[in-house]
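Read from first to last, the chains carry the letters A, B, C, D, E and F; within each, the first residue is number 1.
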């Protein structure tokens, strides 16, 4: 397996190690956790000489070709530098965390998250594919969320984590858009191709958008103004996390991104303006804010913001040398800031506080730690002989050699010096306010030196600050050179890493910064007083309030539309229907087509008038429910007649039987519903609804008219031709139902069966309010089973069943069929219920309707299955003519069995509904009183 | 004839939709029933209107389009199942929610307020 | 294996029917075992069908041996088969969750569930416009019945809304179908596609109305703004396994849009080419927006999930509006991903709610959960997936959708909306997660929460582990979605090939 | 002659239907309306038989038969509702 | 168990089946026989008391009588309906009945309703009184006598109760 | 079809049509529910029978085979119509629909409603 691929994979594997090893001692867990990253570091070290020599390693494995996403890793100078930081500082943090975390903390979980983050970060810097880069980028957001919220029971940890995730996540989305556009422009998501196509990209019309999108991604991650505020709040995380993520690695991802895409995106005024101005603003703002923090970590966080601004400023200066300086400062900042965070963690850990107003004079209690912290602080302040000094000198030098602001470019070095002043001042504050400045105030614990090994990481980092500060080129020269080479994607300009460049302007600026810093710190009281005039704004509070407002606004917005009113929802559906269907109608020139119309006669006028009055009557009397039911019946009857008139006897039969059963159902319901509807629609609502319904009615009428008056060529001739010969029946409609489109019918009876089951569910455990009298308040009649009705109904049952059998048997050749027969049977049985009551029937008729439904559907489906035995598809029909003596010729068809299934389902379903409903009312009649 | 037919279908649709937009379950169910009648007539007419043309072989010289008839049959049955469910659901809603308003709550109008006070009395 | 493509319909149908008959109707235990076995068989059948279609090409099942366009056909093509496989898998997850306790909450759970699956599978497989209506009704009526499962006022009220709206929708569906038949004279979808290009100009206008009415219907099912209002309450009040299977129902609407408006009224429809697009564009984007706003406003995990369903529906509608191969491919991937994750989240919300005492799944302080670690892991997986962050399936879907947007104008509209919706989801879910898992009431409560049963864990694990797997095997899977999209956008494959099947004219 | 008679009778029944509808709409009592509907069913049967004669087909006979059967069920259920409220008890 | 639990019904069904099919072919006769046997067996459990046809010939004569009454009375009543409604003198009449079976009472009430001019409105709970509404009541006693003589007596004889 | 047959059919037809119309006129014209009940009686008896008989004759001669199925409808209606009328009357009684004021025997109405014997002594006036 490729070594390069092994590096991230080893780290990924490392995420489970702590989970498996957490049951051993914490030390063992730490060491086991460190093993795989150490191995990865070793592998990188192995490759390092070749990389420094100018080689670039690549590996790519296909992942999702459809989106051009492959697992592609590369190791070049820039990646190498960052890998060192990630793995090296990561290992130190693992060691540090072993002592930092208390026994109650789940260290396995912590390490697992930490390694996950390490993996994500490593993925970012080693990515050789734009989308993959974004994938790891987002993974850093997720894993940092987990780390910041490690103490999730604390409100500030939750809030800080959410804020960090929201800001960096949002940035990630911008980045994704930018990267996708970049890939679009270049035609490839391969990083190298993109880096090589700088000219193409810069010339493209989307370039400005791409730059903005990518930079927003970078700025959010690197806490650049105006997205800087999340970083101080992320300090709710355990300090090892701060040391690792918020100084050395994650916040550098944005910087890394800018450096990575430097060859592709930089080099235009747009880039320089945005990047340098943002960097400058951040540099000053961070420095200024750091000065006023009372929280030790707050100070460090703001100073980090400031330093990130410095690096960004460098990247925006437009000279290759500035880029080198930026890379150099990345290394230096990582070392001194990580050590400072660790020191702060030690102080917090051993004194129980991070408040600089309480922490005073710790020099006495922990001189060794104090020394380390002071050295690191001085590196941060840019004191000579420490690494910070070197890169700051380079920075000052670069500010003098830029022209980003045209004739105002002189302001940049001035601002830079001012930033230097601030940075000296807050570094000084860190040293003086914590380690000197009198005695500690009300500390929860008496401070003392930390355990031996907790200090080791700090020692190593501080040593690095010193060594780099004194022998820069010896330690980091090659690394810097190679990183700069790959960041520039080309030759690196001449530069020298030396402590002494003679007396020059940068040195003067450094001196001013040092002296100015001292003076600012000395007069800090005035500054604090000045700052105190401004209302203290906690970005966390503002952000939370913003989010809460967003949620509240969303909720009121949603509640406004989704107000739980069905009428409104129906209104929306109908309105949309009107809108979409009215537009095309406007284009229709002539409503009437060329097809000749049937002449009008008295009968049709009668039907039309009856239908119209019936429909209108239903609307007018809808609040008098019984009347509405009668007018509805009229409409149903006329529709039946219309079907008969227009040559559809089957339809007439079906419509009629369904209508009667529906009316019976509605009557059953009517009994339990209020008998009258109060008038509650406002006139405006009525007018609106009238408008809507009239519009839809008009559209429907127009469309059907336009359609009917135009000729149509259909597939139906096939059915007429094949009905007898292929389906064995002369009633083409029935043959379509049971044969040509038998599958529809199977679905249809299933619907009926399901409806019955659903209704059974609705009925069970229903608490009904029984009216004791009718709408006039009159008590119900005593006559439960009227004499004549009972007697006649009894003798009608056999007749009705016979008719039902008749309709069933002739269905295939004449109007009729299983469905209608089923409904007739049902109606006949319902009539018995009406005449005799449920109890009477229950004793005499022992049918399990549920079984009827199941077997009905089963029989119909099994009929279809029968054709499998003959190698034909489902529902292939069979029929033949037989001849018996005496009886003569007769036909047998599989369609009949299918129809039997239909019949059984219909009877079962209808009866399951009605009988259960009836039963319910019987058993509970006296129990409830009318509610209103 | 087609004009009259179209008018009737349009009118029934309009009436059905108007009732569907009312606030009580019963009106809504009646409206949906009316609407389904209109739909069935509409679907039926997609095969064009024919007199004396029942699609029974040997019973007449010409045959109307049998396919829409079969479709309407299916639609009627399905519509019946759906209406039945809706009717019982309306009852269930009354039982569970105490009123038959489609939104499951009593809108505050003068009349309902009066009813309420009447009920308390 | 000749009949493989009808098995996803027949297996649940027979299972449902048998469950109503003795001896299976006798005890719940028997029903449970039988249904689970049957569901497993359906999963196997669906995946075998998937393999078959993938290896041998589209499988057209000619019901009753009546050659198309006259009889009804089932079309098992890459798109429909993936959806069927998705449905059965989701169904299995939901069913195993139901075995924990939900199946006891009312009668006929298993038969209804089977009919529900049958309806959904049928809607995916059928190649006939009216048969699509029938299966829509099967799945709807089953969903009505399942929605009331468990009882309670909230369910009843939600069901009233859901049922009435869908009844209105069904009427519009039939109006639309009537218009299509009345102008095209056929019902077979492929045949429709072929005839639609030859329409006379005035007739085409009428057909267009039919097409747009169908868009309203499918929009209603798939929760397109302004037709989506029913969804949050309906989905959030349904019992967990039901809500889980409902997750695929909005997708039926999207699928139908892809089938009808993509194939019949696609690029080759002459005058009627891409009739739906002009409407789909704004509505899709607004649907995403309102889904996001709804997600932000959600006070409970179930409602949040329901709103995320709307969000994903909007995203899918964007794909339908884009009407290109890449978009269809993206839609398919995103559809599978979002369905499984949403289904899993509904189950998870139920499990979480049960462990948090009276607070249930609402975002308020509550007692500590009994098994926070596992639930937390699954929550994290689903949240990351649904936001569209790496490393789970969501980001691939999102990138596919974003990449499918071709022109700059489209990018200007689609990208911001989709990306901001991700941000909204991120805000909502991070709030949800931190509150649910980390905000505990200070007082120690000792009340015992109901245990999460093995079947319930299995359901959650099955559905939510799909997301990492979908990401891991995104390569081969996206190959399938690309293939499906290619099929759908090539009239030679999706239309002509289906009408030139060997002659078969009924009868044994 | 027959066609003339058919026409005349058709007109008669059309008028009869209008009269029924009028009674149904004006009531005044619900029983009046039910009675009107019941009469309407009978007239509808006649209409269908006439139509069958007019078209020379007996295809519509079953429709008439069903109206006769179901019309009765409907009427008796409606009256039962007025009497008892609960038609299936 | 008998094959013909309801012989009268069986006969009726047999005839009706042939009527329905307009055919007396051997096939239809087989089917008619089948239904004539099977349907009564099916609904046997659901019948109440059975009418016993004591005098079929009398029944036939009764039928003719009723048809004749219908014809004559229809014309009389048609004139009343079309004439001035002011002249109508409607009235309720209670007719004491001696019939003991429900079937008998139903038959009487039906006859009364079918013959124009009278409608049975109600039967008292003790089944002793039939309340009749007459469209145009000349003499109450005359009506009572006519109904009892013309209809009740033959029914009593036919059913033997 | 011979002219005699045609005349016969037409006569039955006319009888049917006229009585159906008279029945409906009665329904529309008569003053109270109880008198209106008499209207449909004509429709169901003479009216519909006339139409059915003519249809029976017509179809028999038209198709050349005896068509008697219409008898079944007649049978059905004759069985059910009195019951329907009875049910309507019962409902009218129950809901106390007012009879025409000049109706005789109004004292019987409360008894009929309560289904009491006609000779029962009124307990409270």
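We adopt the following convention: a residue touches a chain if its C-beta (ideal position, glycine included) is under 8 Å from a C-beta of that chain, and two chains touch if they have at least 3 such contacts.
Not measured: the values here are computed from a predicted model.
Chemist: Using direct touches as single steps, what is the fewest number of steps from chain B over to chain E?
Modeler: Shortest path length, in steps: 2.
Chemist: Stepping chain to touching chain, what's the minimum from chain A to chain E?
Modeler: Tracing touching chains, the least step count from chain A to chain E comes to 1.
Chemist: If every chain is reduced to the average of its C-alpha atoms, which one ends up farthest from chain E?
Modeler: A
Chemist: Which integer distance in Å separates the CA centroid of chain C from that of chain D?
Modeler: Computed value for the inter-centroid distance: 48 Å.
Chemist: How big is the gap, in whole Å, between where the Cα atoms of chain C centre and where those of chain E centre?
Modeler: So the centroids are 62 Å from each other.
Chemist: So, what's the distance in Å between the C-alpha centres of chain C and chain B?
Modeler: Centre separation, chain B to chain C: 28 Å.
Chemist: How many angstrom between the C-alpha centroids of chain E and chain D?
Modeler: So the centre of chain D lies 22 Å away from the centre of chain E.
Chemist: Indicate the residues of chain D shared as contacts by at least two other chains.
Modeler: Those would be 10, 17, 30, 34, 59, 65, 69, 76, 80, 82-83.
Chemist: Name the residues of chain C that each touch 2 or more other chains.
Modeler: Residues 130, 134, 137, 141, 144-145, 148, 160-161, 164, 168, 175, 178-179, 181-182, 187 of chain C each touch two or more of the other chains.
Chemist: Where in chain A do residues touch two or more other chains at once?
Modeler: As it turns out, chain A has residues touching two or more other chains at 564, 566, 570, 574, 629, 645, 649, 668, 670, 699-700, 704, 707-708, 712, 714-716, 719, 740-741, 744, 748, 751, 754-755, 758, 762, 774, 781, 783, 786, 788-789, 792, 795-796, 799, 803, 814-815, 917.
Chemist: Quick one: do these chains touch in a line, a ring, a star, all-to-all (complete), or other?
Modeler: other
Chemist: Of all possible chain pairs, which ones touch?
Modeler: A-B, A-C, A-D, A-E, A-F, B-C, B-D, D-F, E-F
Chemist: What part of chain F is in contact with chain E in the complex they form?
Modeler: 19, 22, 25-26, 29-32, 34-35, 37-39, 41-42, 44-46, 65-69, 71-72, 75, 78-79, 81-83, 85-86, 89-90, 93, 99-100, 102-106, 108-109, 111-113, 115-119
Chemist: Report the residues of chain D in contact with chain F in the complex, numbered from low to high.
Modeler: So the residues of chain D in touch with chain F come to 1-2, 4-6, 8-10, 12-13, 15-17, 19-20, 22-23, 29-32, 34-36, 38-39, 42-43, 45-46, 49-50, 52-53, 56, 58, 61, 64-65, 68-69, 72, 75-76, 79-80, 82-83.
Chemist: Spell out the part of chain A that touches chain D in their complex, as residue ranges.
Modeler: Going through chain A, the ones touching chain D are 602-603, 606, 609-610, 613-614, 617, 626-627, 629-631, 633-634, 637, 640-641, 644-645, 649, 652-653, 656-657, 660, 663-664, 667-668, 670-671, 770-771, 773-774, 780-781, 783-784, 786, 789, 793, 796, 800, 803, 807, 814-816, 820, 824, 827, 830-831, 833-835, 837-838, 914-915, 917-918, 921-922, 925.
Chemist: Touching residues of chain E toward chain A in the complex: what are they?
Modeler: 6, 9, 12-13, 16-17, 20-21, 25-27, 30-31, 35, 39-40, 42-43, 45-48, 102-103, 105-106, 109-110, 120, 123, 127
Chemist: Tell me, which parts of chain F touch chain A in their complex?
Modeler: Residue positions touching the partner: 76, 79-80, 82-83, 86-87, 90, 94-96, 114-115.
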